[in-house]
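Same chain, two partners: subunit A is paired with subunit B first, then with subunit C.
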Partner chain A sequence: MAVEQANLCTPQDAAVVRTLRVFRDPHVDRELEPATVLIIITKHVMSSPSLNFQTQISGLILSLSFSGQRNMSNSVIEVPPKGGFSFDLCKRNEMLAKKGVNPPSFRKTGTTIVGLVFQDGVILGADTRATEGPIVCDKNCEKIHYMAPNIYCCGAGTAADTEAVTDMVSSQLQLHRYHTGRESRVVTALTLLKRHLFNYQGHVSAALVLGGVDVTGPHLHTIYPHGSTDTLPFATMGSGSLAAMAVFESKYKEGLTRNEGIELVTEAICSGIFNDLGSGSNVDVCVITKGGKEYLRNHLQPNPRTYTNSKGYSFPKKTEVLLTKIIPLKEKVEIIEGGDAMEE
Partner chain B sequence: MVKQQANWSPYDNNGGSCVAIAGADYCVIAADTRMSTGYNILTREYSKICKLADKCVMASSGFQADVKALQKQLAARHLIYQHQHNKQMSCPAMAQLLSNTLYYKRFFPYYSFNVLGGLDNEGKGCVFTYDAVGSYEKVGYSSQGSGSTLITPFLDNQLKSPSPLLLPVQDAVTPLVEAEAIDLVKTVFASASERDIYTGDKIEIVVVNATGIRREYMELRKD
Partner chain C sequence: MGDSQYSFSLTTFSPSGKLVQIEHALTAVGSGQTSLGIKAANGVVIATEKKLPSILVDEASVQKIQCLTPNIGVVYSGMGPDFRVLVRKSRKQAEQYHRLYKEPIPVTQLVRETAAVMQEFTQSGGVRPFGVSLLVAGYDDNGPQLYQVDPSGSYFSWKASAMGKNVSNAKTFLEKRYTDDMELDDAVHTAILTLKEGFEGQISGKNIEIGIIGTDKKFRVLTPAEIDDYLAEVE
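After this line comes the complex of A and B, so read on.
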């Protein structure tokens, strides 16, 4: 029977086929009844909440041909190995998009984030604008996230993704610190982040600039949403990365002092703020050295509000009352005096 | 094989916002001066406002190439009108002309969102608001462009007549004085540029009144 020819398009299909195999009694040379197969498939689909009914059932049943050819020789089903990535929901999303049901847009930090290595450590910088499409949803958000006392991470991309991934790895680092009794290393954070991002094959849209100082020295890395990393003396990410990189490439040199480094980072972020529409508002800077860290929130605020009316505006209630009608509520319960007392 | 969609579009959106407010004897038309494409700024000093006739000014946002073509078209037709009638076009006449010009290209529209402002034959302020294919309406105030969703609710709150359901029918033209209207426009653009990434750099404010046409500028956020 043509279960063998089933279209094994997803691991979920494979799981169903495996279940079917179990039901085939190898000692009795008899094929499975079509009805039995249907029951098994339906049961499998119903019990698993993450399956997409349509593609599963249609995909499998179309390829199961109950055309009465019962005398086919037994052939081994090719089953993909267990485990691996499950992309069912991605297929479902594609199917929905084709039908015109688009996924909700998420808030991205169309962003400029930078990092550079200077004499005594690393300096990270970021702008503070979060956008939802063409609208600014947060004029002063924090893009430099805490990972460890000596490690900070800037995040660009989907705001929820950068927050979640940095919080998660920060917790893992803390547990690791308790286990080992040592200060966290930047490469540990790097490996934890890149493993997580690679696992999600780029669907976790977080582009990060990770910097810190540990026992082995100062480190600066970039991490891309698909999980690749670079180790660099200076780095930029986000929609404003080209504007910021232009500044870095012109003015960076090795062995910068602290003030020179902060000035260069500020200049690069400003370049992103003014030339990229996805970045804006203020500049945040974070300086990490062997001695400690300095988080300069809103280090520069080059965009004050341009005009405020001195007199202000009043907002009178504008809804017009066209008609007033009062209907008193009727008494639904009649109260009877002196009834019997309630019994236990 | 899935049917291939076009991956080239003849249109682009250069962003920006425009506003116009009509008063008893003046009309204020304002637009920001930023021209952008995607996430980039093309220029910080582009004028979206065009003088069509003596007492008639148009501000347009959308695709500036189409806007330029539209302005040229209207200027040419206005010249012909002047030769034929020996006078300038009035604002309501220009409003109708603009509507017809836009509808002429109903099936390959000008990607241009316009507001027309000026004085009518009696010297009262008038504002006409358009969609991309020429549907228009005489209103007391209007806003178009990327920041319009942020600007219109505020203008509705400050300028709108109490209710169109009440009698006698209130005149759409605002009772505000010219200086107050300009103040309102500045506030509205400052707020829009805080939250809309395509609005910013500078505002160009044009005031049309009995003495003529006056132009002023105000700085906005540049990020």
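After this line comes the complex of A and C, so read on.
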């Protein structure tokens, strides 16, 4: 392999080359790819802040050359396959992970969503904070999604994923209702959602709490991003799920009345709002019974904006306004009277 | 005529410039049960005969008027199975439109897409045209609308129209009776009278089907009891 011919100017370069030699896995019978080498080198550069090292390393990269002499049959330059997913780099990733170079981890989005079964039906609850990493991007978003007139679904995880998946299944349920002429069942929604999520092997990052009342009674389910489901009398999901579950585990009992149920759900969500950084703002509640549904948007607002200046805020003007009337310096357009320009 | 040589293949024009298969499809429609539609000032009504092949058939299970979206309904004349296929496709298209644009599909759009499906089957290999003509009734932002879609894929907006057996008598009757400022109830009465014209036997709530849509923009099929009430008013 051509890395032997590299310009070894400093002892740090030698360290990199040693690492590269170690990484050449005897089990993988192909040349080390440029991408892999770059990752390894970058890791070394990141761990060593001195500028000198970096300039030497750039020299090293430039002098690397991959000779195609040895194996002409396996060309190093890869033509992307015609279609479908190419799993070639998965083996490389596995090998790197074994040696300690891990891919960057995904950011977990914060939410507290809960559901419980009470004597007449199901109550769902959610907080209203949407986060982009450490920033709150929406202080009052809607996490309880419509699936059918008698079925609602709370979503945690990537907001785009939860919205797209619930929208899609809601559409499918509507078509199903037209074809059968009957009210949708919660298990139908459950099966459609879990099949979709399983097909995408967990890449659709949507953790859902599905609840509704149909001809067979009230139902509450949780659905995990990989496609597994649970049927429970009370459930919580999201980063605030532990805080909310603590409340449920201590106070839940069967046969709750509507008001008791709403109070318990609100308490659980508040516990998530105050104790979890990823959840916050207001509490949304949705009560579903045989007779219909009640969507209590912003049922509780425990985080109002206080201490606003009643006089308002005045910002000093920084830009001078030079003139209020704009006089053109010269007329740009000359109007030619008569004549038909389009004659020819 | 030389037409008979070209009548078997759908995708070949005859020397007179017609696609004979479509003519035959229209004949199939013309021998189907009468159906009609009337557009009133504040709604649309569509109606059809529901003559069952035998008294043993469970007439509650037969539904000739179908709902495509909450504000669009459809009735047909011709072959029932072809109608079912079209209804299924139209519902799916309406739902896809709603998913993409988050707005209920306008009546003209749905009619256009259904007509496109019917036209596809007149220009593909190995398929035959649909043996149905549809009457699509809907109420959207442009007010009440009534469209007729033919097996060829052409569609027209009508103030009042009829299809199937007895179509000429029905249309003449409608021409005489139709006024622009009709109310929905008057339109229902007119529809019943028109159906009665060519009806063999005793008309009742069990052997006709009526669907209406009013300013509430909700399409619904009347129950036999409601139809009987209207019938009593007419007599």
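Quick note on the criterion: the second predicted complex is superposed on the first by the 207 of 344 C-alpha atoms of A that agree within 3 Å, B and C clash if a C-alpha of one lies under 4 Å from a C-alpha of the other, contacts with A are read in each partner's own complex, and residues count from 1 in each chain.
FYI, a contact is a pair of C-beta atoms (placed from the backbone, for glycine too) under 8 Å apart; a residue touches a chain by one contact, two chains touch by 3 or more.
All values derive from a computational prediction rather than experimental measurement.
Peer 1: Consider subunit A as the common anchor and indicate whether subunit B and subunit C clash or fit when overlaid.
Peer 2: fit
Peer 1: According to the stated criteria, A:N275 is in contact with first (subunit B), second (subunit C), both, or neither; which is it?
Peer 2: First partner only, subunit B.
Peer 1: According to the stated criteria, A:K139 is in contact with first (subunit B), second (subunit C), both, or neither; which is it?
Peer 2: first
Peer 1: Looking at A:T131, would you say it contacts subunit B, subunit C, both, or neither? Reply first, second, both or neither.
Peer 2: After superposing on A, A:T131 lies in contact with subunit B but is clear of subunit C.
Peer 1: Does subunit B (first) or subunit C (second) touch A:Q174, or do both, or does neither?
Peer 2: second
Peer 1: If you count the residues of subunit A that each partner touches, which comes out higher, subunit B or subunit C?
Peer 2: Greater contact footprint in residues on subunit A: B.
Peer 1: Quick check: superposed on A, how many Å separate the nearest Cα atoms of subunit B and subunit C?
Peer 2: 30
Peer 1: Of all the subunit A residues, which ones make contact with subunit B and with subunit C?
Peer 2: none
Peer 1: Considering only the defined contacts, which subunit A positions touch subunit C in the complex?
Peer 2: Per the stated touch rule, the residues are 167-168, 171, 174-175, 178-179.
Peer 1: Name, in rising order, each residue of subunit B that touches subunit A in their complex.
Peer 2: 15, 36, 38-41, 146, 150, 157-158, 160, 162-163, 165-166, 183-184, 186-187, 189-190, 193-198, 218-223
Peer 1: State the interface residues of subunit C toward subunit A in the complex, per the touch definition above.
Peer 2: Touch list, subunit C to subunit A: 67-68, 88, 91-92, 95-96, 98-99.
Peer 1: Across the complex, what residues on subunit A touch subunit B?
Peer 2: Those in contact with subunit B are residues 110, 129, 131, 134-136, 139, 239, 273-281, 302-303, 305-309, 313, 315, 318, 320, 322.
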